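Working notes, beginning with the structure itself.
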Amino acid sequence: MSAVHAGTEAERAYTSDEMMSIAAARALRDDQRCFVGIGLPSTAANLARRSHAPNLVLIYESGTLGSKPGRLPASIGDGILAETADAVISVPEVFNYWLQPGRIDVGFLGAAQLDRFGNINTTVIGDYAQPKVRLPGAGGAPEIAASCREVFVVVRQSRRSFVDRVDFVTSFGHGRGRGDRERLGLRGAGPTLVITDLGVFRPDPETAELVLTRLHPGVEVEQVREATGWELVTSPDLSRTAEPTPEELAALRALKAASE
Amino acid sequence: MAEIVSLAEGVRRLVHDGDTVALEGFTHLIPHAAGQEIIRQRRRELTLVRMTPDIVYDQLIGAGCARKLVFSWGGNPGVGSLHRFRDAVQHGWPAPLEIEEHSHAGMANRYVAGASGLPFAVLRGYSGTDLPEHTATIKQITCPFTGERLAAVPALNPDVGIIHAQRADRAGNVQIWGLVGVQKEAVLAARRSLVTVEEVVDELEPVPGGVVLPSWAVTCVAEVPGGAHPSYAQGYYDRDNDYYEYWDSIGRNRDSFEAWLREKVFGVEEVAT
Amino acid sequence: MAEIVSLAEGVRRLVHDGDTVALEGFTHLIPHAAGQEIIRQRRRELTLVRMTPDIVYDQLIGAGCARKLVFSWGGNPGVGSLHRFRDAVQHGWPAPLEIEEHSHAGMANRYVAGASGLPFAVLRGYSGTDLPEHTATIKQITCPFTGERLAAVPALNPDVGIIHAQRADRAGNVQIWGLVGVQKEAVLAARRSLVTVEEVVDELEPVPGGVVLPSWAVTCVAEVPGGAHPSYAQGYYDRDNDYYEYWDSIGRNRDSFEAWLREKVFGVEEVAT
Amino acid sequence: MSAVHAGTEAERAYTSDEMMSIAAARALRDDQRCFVGIGLPSTAANLARRSHAPNLVLIYESGTLGSKPGRLPASIGDGILAETADAVISVPEVFNYWLQPGRIDVGFLGAAQLDRFGNINTTVIGDYAQPKVRLPGAGGAPEIAASCREVFVVVRQSRRSFVDRVDFVTSFGHGRGRGDRERLGLRGAGPTLVITDLGVFRPDPETAELVLTRLHPGVEVEQVREATGWELVTSPDLSRTAEPTPEELAALRALKAASE
C-alpha cells in the first residue's frame, strides 16, 4: 500500500509509515487523556508520550489508566500496560466509569475502511450476511468514537481503505454530513483528524467531508487523489508536514526496537 | 463451595453439548487449556460467548465445537485475523457459524447485568452504527426521568463460565490479579463455573490489585499450571508472542489446522481424573 | 490535574451556597474535618447527599447548612439516633429539612449511574415498600427483552463530591484501601471533587485492596491528618467509639450542641490557606 | 421492654436478651451465606459462627464477604470486618453482584416495628410528613428482605414493636397475606422466622400471619399475648426453646466481652 510513493521514500531517511506515526504522535498534546487502540494508534500515542507529551495519559480498554510502557505493547492486554499503570481496573469499569461519561480527550483509532465522512468499518468487507472478508469486528471502537471529546484516526491510505462509503458502519464518524452526530445525541466531536501515510485530513467545517489539509514531505496531491476512493477535496490552506526530526525518528525507532 | 477437580473432570461435569459457554480472559489469563479440553472431549453445538475470541476460540470453532458465537472482537491480537473463524463465517467450514455481534461496551454490560441478576443493561452505545440492524439483542430504552433514548442489551447468563486465575486455596477461594478483565462478571453471570488456576496453595496472600472470588461463588476449580499459555499469567509467565505468530501459520489452512488438532489436542493424553 | 490545597482553600473554592454536596464514607474514612470546615465557612442552603448521614451530617444539619437531605440511612451507628437530624425533621429546627429518601441499593446505583454518565439506573428494589409513595425519584421501567418491571432511579451528579482517603502523591493521585464504600463513585459522579488525605507522599506504594483515583479525575486534594476522626482510617488510626457515644450526649440538646459548635468548630482557627 | 418477665429472669442464669441472641444464632446453619444487619442480628450471626456454624459466611453491606471477626463489630463498617474478610468489595458491588441476584441464603434483620405479616418499619413512627419519631430509614433492608432466599428478624417484643400494621413499610414481609410476595415478583421467601426475647414466630403456611411457635424458657403465652399488638395466634405445635447451654452462654459472653 505504500508502493505509491516508494520512489520518494528511497531518497529519504525514513519510511512513509514512520512519517505517519510521527505525524499522528504530534497531534497529541501533553496532559491529554488518550484512549488508545492497538496497532498504529498505540505506536503514535506511545511515541508522543516518549517525546513532546510526557504527561499524556494512556488508557487501554484492557483496564489500564495511565500506562507508561517502556516499549510498544504487543497487544492491548500486554502485561507491561498493567505493571506501569496508575490504576488497573476491570473492563466494565473502563467503559462505564471512564469512557462513557466523556472523561477522555482523544480516542485514537485505526480502521480497515474509512469513508469520506470519517465513518469507520472494522466489521466486514462486502455483505454482512455473506462477507467477502470477515474482519475482527467492533471491539471498543463504537463507543470510543461516540464518547471521546474528539477522535483521531490513523490509517494507511489506498482506494481499498479510503472509500466513498464504508460497507458497514462499525464506528460512527460524521454519518452523511454535518449535524448527523448532534441528531443522534452523540456528545463527542467525532473524527477531527485523520492521519495517513500520505497526509492529514480534517472534516470540512460545513459539510464534515474529509478534506486534505496537509501533505507529508515528498507526497503530491495527485498521489493522494489516486489513493482516495472519492472525489478528493483539498483545503485552500493545504500545507506540508514538517520532516521528522532526528529526535522523533530516534524515539520511534527506540520504541520499536525495545519491542522486538 | 467449589470442588477441586481435574481439568478433564471439570469439563466433563460442567460442559454439555448445546451449552452456552463463556471462556473469558482479556488478553491476560485466557483459559486455553480448558478450551482444548473441551475440544478433546468433543463437545458439540456450543454457543460460545466471549468479548475477544482469539486463538482458543479459533481452535474451538475449527474443531467444530461451536454452533454460534456471541462476541465483540475476533482476531489474533497483535498479528491479524483468525483464519478458522473467517473460514467458518465466510465458507461454513467445518460448519456454519451463527454470529451475534456487539461492541465491547455492550458485551461488558451484558455480563454486568448477568452478574447482577438483572434482565438487561443500559448504555450509551451503538448510536449510528450498523450493528443494531444485524443484532437483535440491541434495543432502545427511554429514561423515565429525562426522556433520553439509550441502548439496552439483554443480560448474558451462560450455562458455564470458564476462566483462568493465578491461585486458589484448598477451600476453593480464587485469587486473580493484574488485568482482571471481565472474568469476575463472567463467573458470577454463569449458572456453573470452572476456574483453572496456576496453583492451589494453603493460604491466599493478599496481593495489590487482587480480586478474590469466594469458593461459594465457584462450582469447580482445577489446578492447571500453564493453563493460560500462550497468553500470560502475571506473576507466573509471560505472553508467548511467538505462538501468536505461529498460530497464524497453523490456522491459515485446513490441513495444517487438522494436523495440529490431531497432534496437539487429540494426541495428548487426557489429564487423569 | 488535582491541585493540592489547604482544607479551607479547598472548601472555599469548591463548595458554594446552594450546592448539592456529597460527603461520602461508609463508616470508614468519613470526611469529618471537611464537614466541619463547611460549617466554619457558614455555607447555607446545601442539598446534602449521603447513603449514611451520621455524626458529621448531624453537625451540618444542626448548624443550619442544609436545606435538603438525600439519603438512605440516618443514624449514629452502633449508638442510636441523630438528634439534630430528628430535631430538624420533627420540629424544623434550626430550619425545615426537606428529605429525599432511598434504600442503600438505590443510592449506590444512583451514584453508579452518575459516575457512568447515564441518566438513570435500574435495580430490583423498593417492591412493596412505602418508599415510592413518598420519593418522586423512584419510578418503574420495563425490560425491553423480558417485559419484567423493575425500579429506576435517576443518576446522582452532585456539584461537589468530598471524600477522605489515606494518601495522595504530589501529583494528586489518590489511594484508598480497606472498606472503599461508594467513594470512587461519589467522586466520579460529582462535577467537582475534594479529597482530604492522611498524608501526601512521594510515591504511592501499591497496597492490597487499594483503589487509585488518578489525579486528573480529582479537582483538589488537601492534606488533613486525622481528617476522618472519629471514624477511622485503616492503616492510620482506629474508630473512636467513645466519640460516637459522646456525640449522643452533645447532639441530644440544642444548648449543648450550640456550645459544642462555638467551642469546637468556630473556636478553632481556620487552617491557613 | 424486658420488664414483662423480669421476675423469671431473676431466677435464671441468663437474661432474656441472651436467650434471644442464642435462639437467633441457633436458627443459622453451617455453610449458609448470611447478610447481617447491625445490632441484634450481628450478635446472633457472630455467635452462630463461633459455636455450631463455623463456616457460616457473614456478609456485611459495608462491603465484606466472609468476615470472621473475633469480637462483635461496633458498626457494620468496623475495620475488623474488612481485615478478616475473604474479599472486600465496593458498596455498589455488594448490592448488585451479591445481594440482588439471590446469592444469599439468609437476610438477618432487626426492626423498630414489625407487623403481623412480617412487614418491617425502620423509617417513621406516625405520619411520614409529620413523624412522631423519625427513625434512621431503610439502609440495605428493603432489598435484603426482597432478595435473600429467606429472612430472619430478631426484635425485642412489646406492643410498641409488635404492631398490627406498621406505620411505614420499609421492608416488605408478606404484605397483607400469602401470595403478596409472588404478586410483586419477589424471589426470596421473605420472613420465615421471627425471634424475640419471648419466643419464636413463623408465618402461617396458609395466611402468612406470624404465629407463635415456641416459647422461651419461663415465658407464658399470656406474656406474649400482652406484648403483641394483634390477636395472637399460637401454633398447635407450640414448643419450648431449649435452655441456653453453658457453652452457648460462654461463647456469647466472650464475644461481648471482647468488644468492650
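Read from first to last, the chains carry the letters A, B, C and D; within each, the first residue is number 1.
Keep in mind that, in the parts below, a contact is a pair of C-beta atoms (placed from the backbone, for glycine too) under 8 Å apart; a residue touches a chain by one contact, two chains touch by 3 or more.
To keep track of the chains, here are their UniProt names: A, D = Glutaconate CoA-transferase subunit B; B, C = Glutaconate CoA-transferase subunit A.
Bear in mind the structure is a predicted one, so any value in this text is a computation, not a measurement.
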(request) Between A-B and B-D, flag the pair that has more C-beta pairs in contact. (result) A-B
(request) Round to the nearest whole Å and give the separation of the Cα centres of subunit A and subunit D. (result) 59
(request) Would you mind pulling out the distance in Å between where the CA atoms of subunit C average out and where those of subunit D do? (result) 29
(request) Express in whole angstrom the distance between the two chain centres, defined as the mean CA positions of subunit B and subunit D. (result) 41
(request) Can you tell me which residues of subunit B touch two or more of the remaining chains? (result) 112, 117-118, 123-124, 148, 184-185, 209
(message) Residues touching two or more other chains, restricted to subunit D: which are they?
(response) 96, 100, 147
(request) Examine which chains touch each other and state the graph shape they make (line, ring, star, complete, other). (result) other
(message) Following the definition at the start, I'd like every touching pair of chains, please.
(response) A-B, A-C, B-C, B-D, C-D
(message) List the residues on subunit A that touch subunit B in their complex, please.
(response) 38, 61-64, 74-79, 81-83, 88, 90-92, 95-96, 99-100, 123, 128, 131-143, 146-147, 168-172, 175, 180-181, 184-186
(request) Spell out the part of subunit C that touches subunit D in their complex, as residue ranges. (result) 26-28, 51-52, 71-75, 77-78, 81-82, 85-86, 89-90, 101-105, 108-109, 111-112, 123-131, 134, 148-149, 178-182, 184-185, 209, 231-232, 234, 238-239, 241, 244
(request) Please give the residue numbers of subunit C that touch subunit B in the complex, ascending. (result) 117-124, 137, 139-141, 143-146, 148, 150, 152, 154, 206-210
(request) In the complex, go through subunit B and note every residue touching subunit D. (result) 1, 112, 115-118, 173, 184-185, 188, 211-214, 216-217
(request) Would you pull the subunit D residues touching subunit B in the complex into a rising list? (result) 31, 33, 57, 65-66, 86-87, 96-97, 100-103, 147
